[in-house]
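So that you can tell them apart, the chains are marked A, B and C in the order they are listed, and the count of residues begins at 1 in each.
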Amino acid sequence: MAKTNPGRFFEDYSIGQVIDHAVPRTVSGGERALYHALYPSRHALYSSDAFAQACGLPAAPIDDLAAFHVVFGKTVPDVSLNAVANLGYAEGRWLKPVYPGDTLRSSSEVIGLKQNSNGKTGVVYVRTRGMNQRDETVMEYCRWVMVRKHDLDAPAPETVLPDLKSVLAPEDLVIPEGLSFADYDFTLAGEPHRWGDYEVGETIDHVDGVTIEEAEHMMATRLWQNTAKVHFDATFRPDGQRLIYGGHVISMARALSFNGLANAQMIVGLNGGAHANPCFSGDTVKAWTEVLDKAETPAPGVGALRLRLVATKGGAPFELKGEDGKYLPGVLLDLDYWALIPT
Amino acid sequence: MAKTNPGRFFEDYSIGQVIDHAVPRTVSGGERALYHALYPSRHALYSSDAFAQACGLPAAPIDDLAAFHVVFGKTVPDVSLNAVANLGYAEGRWLKPVYPGDTLRSSSEVIGLKQNSNGKTGVVYVRTRGMNQRDETVMEYCRWVMVRKHDLDAPAPETVLPDLKSVLAPEDLVIPEGLSFADYDFTLAGEPHRWGDYEVGETIDHVDGVTIEEAEHMMATRLWQNTAKVHFDATFRPDGQRLIYGGHVISMARALSFNGLANAQMIVGLNGGAHANPCFSGDTVKAWTEVLDKAETPAPGVGALRLRLVATKGGAPFELKGEDGKYLPGVLLDLDYWALIPT
Amino acid sequence: MAKTNPGRFFEDYSIGQVIDHAVPRTVSGGERALYHALYPSRHALYSSDAFAQACGLPAAPIDDLAAFHVVFGKTVPDVSLNAVANLGYAEGRWLKPVYPGDTLRSSSEVIGLKQNSNGKTGVVYVRTRGMNQRDETVMEYCRWVMVRKHDLDAPAPETVLPDLKSVLAPEDLVIPEGLSFADYDFTLAGEPHRWGDYEVGETIDHVDGVTIEEAEHMMATRLWQNTAKVHFDATFRPDGQRLIYGGHVISMARALSFNGLANAQMIVGLNGGAHANPCFSGDTVKAWTEVLDKAETPAPGVGALRLRLVATKGGAPFELKGEDGKYLPGVLLDLDYWALIPT
């Protein structure tokens, strides 16, 4: 019996199947320090216990995207080891902040299946949940990937396409218990801009850039226990390049967006996302944002912004797609998320 | 008086000499996070407090090899600063798990000396112990290194060769107090294979590979306060290469072996080890294992496997030595250890 | 309204202006572990809780220079984003050790202004203070930078030059409450040399060298939330090189100085410092020290040394300036500080 994990193939998934992912992880100040060393992350709520407490939280949580990466990383050996492509995200929600000392595990339910017409691959839709040591769901998201078939003679499953929201409604968003921006300190946060200062359609060039290094993306990706060979083994791809984990680009772009969105503190919803082009070591990542929508929330002083966050490598700001409707070659990421910001 | 440490030379050692090594270190979640960022380490017992508690421990310990590196690193300025070669290890035992908050120091006793016939070098054998803040020995191991003489006229010491076990017997292994695999969660651990599923002689190709970066091996080696110039200073060797600390390869190979040995949770014995060839930045490290022996233990649900762990750079799996009995050029490491695994 | 931070220009500063800097930060064992992975830092007081407690402190503090970097990093967006050059430091004092769990913020007062004769730039002098969560000042220092004018027609301010001490007097130094070296363990600290063993005028070649990597200096600089583009974006400078944060060189040189100054445990005063030449990835940093002065202190067993710490890249030890009085091209750093050492 072969002992190593071959990963699941398309025919190994069935609707309703629940996969409990391996290797739970206790996070500490170590994960936080590493996150802040790997990304220029500066949102004050995640940097200072005192700032977080002034906003009604017990302490500074781990950055929302770090929590996402921990939950996501565990799914890789079960969901995307044989994936050809990561096709999309939807209905991502952060439900509970994650604090140092919390232990996270994750679980995925297969909610959609569609074999491709070529008979060699299919699309698998999963809804993944991350749970803490009290069995509270801390976040959840849907993701769909194209996965190879191993047994090409395996019968095609009945096609089931999940009914996923293209955008989370403001009432779908979960505000962390106790959160209040009523006494928000804009000076300590780093910028004066509040919810009312942002207009739908407004675009922001975040100006700063970071040139990507192999050691950094590998350390990040390993920290999330993401095991996909293509990120670590320079002999895996014919071109000798290590493909950078898409989540590394997400975190880099979000951190860069501090410059212009310092007060968009908490990510609470992920509406969708596309990894438009691959990222490699040596690329210089920059970011720009478009304000897509605004909403009020019931929490004191807390508003929500729906933001398009675009990461680029060499592309001009605010250019996204060509005349053919395809992403321009300099675009790395097109992410659609909801963030909380003081009103 | 010169203030910098010139290191000890062969004539500076004497049988029975005890060297208390400098710079004790308190470990925290920071060391754990860094270890998991530097190596694809995923054994659940070291990743999750909850998982460790379900196995009868108070919390997730620091990875066994991290504890080894902390203890080992302190010996470098006293034992191997003038070493020509690291010749071997024996009788390594992990006696107490190390937890965040523990403070480690180490001490070595000279247990063997043999001047080489060339009169220029000699072999020094030491038994090193690592102690925590309660003066409990957390691990011990023997190591022998070839060290230069400084004063070639110094008389050769009487040759003393220690009587070292080539393999620790199962009854030599120390099982951490309270450890039980009776309620072991194979799903959370990541693989279904238990003690009974492994056969003596079985070989496992761990499949995954990691291409080594300068920044990573230097960060790891510094974290263990290993000060050997050859790892850090590109102007030190004539070829301009930084030689990678052998322990970096040990940790990388052990972490890669998760894929096929996810349940071989705890390292409790080190029978021997050879750094067969040097490793440099750019090498892609892979690993394979051969099951050498099996043993029962008195702890509930806990068995032991004796494993040969081989790290390679480009070599085919399961090839170790040439017809001349020498390690093949693609072999980096040949390690012989005992691990605990659920029965 | 542009949302991103353009930084302040020379005409934006006025005497007596107080700038509260953004993004407070809670430090943990994670920051300590990373500091010890990024620099070969081995002073026992900062490595071991037990050693620090034996010296009268409640636990091992964060390395003094790490505290400095955290305080300094916050000032970059407000003070040096449009700086042409970092001209000098003075009157730096460490007033309270910083421990894991502390939250730091910083604030600067403008204490000097002088427009340059070219009318395009001016020199800004600030006194920066770092405060913990109890509003205690943990450190303070003066720094002056040359800053561009944005509006060349803005009138020149009245010239105010602060009266800064060229050297802190021993009585200016603040000894941490409770510190005692009466029971100092020289073996655990790593060297036998005490205050009385160092003579004014003595020079020490610290021997070891470290070749600098992009990933390491970027991780360090990000960890301190220093946002200057020139450190991260390879497309920013015409030559495609990322300029290394001067503080990275300071920390590297200080850590290297352990070899010969292992007992110069605590930095309590910064008299001055010059970044003599830029440092880039691939440079091999070495360090040497000259003992400039000695002083007694009222604390038990605690003496002070005033040290010149010089970092080089390729320069011979003990060579500093050429016949023209300018720093030699191989000199990176010339730092003048006070350290505490057992008598």
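Following the convention adopted for this analysis, a residue touches a chain if its C-beta (ideal position, glycine included) is under 8 Å from a C-beta of that chain, and two chains touch if they have at least 3 such contacts.
The chain list, named the UniProt way, goes like this: A, B, C = L-erythro-3-methylmalyl-CoA dehydratase.
The structure presented is a predicted model; accordingly, all values stated were derived computationally and were not measured.
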Copies chain A and chain B touch via same or different residues, half shared test: different
Degree value of the rotation bringing chain B onto chain C, based on Cα positions, nearest 5: 120
Gap in Å, rounded to a whole number, between the CA centres of chain B and chain A: 36
Interface hub residues of chain C, defined as touching at least two other chains: 28-31, 33-34, 100, 213-216
Parts of chain C lying in touch with chain A, wherever the complex brings them together: 1, 3-5, 20, 22-26, 28-31, 33-34, 77, 100-101, 103, 105, 133, 213-216, 218-220, 222-223, 225, 227, 229, 232-236, 242
Touch list for chain A against partner chain C, complex: 28-34, 36-40, 42, 44, 47-51, 60, 100, 187-191, 193, 197, 204-211, 213-216, 259-262, 282, 284
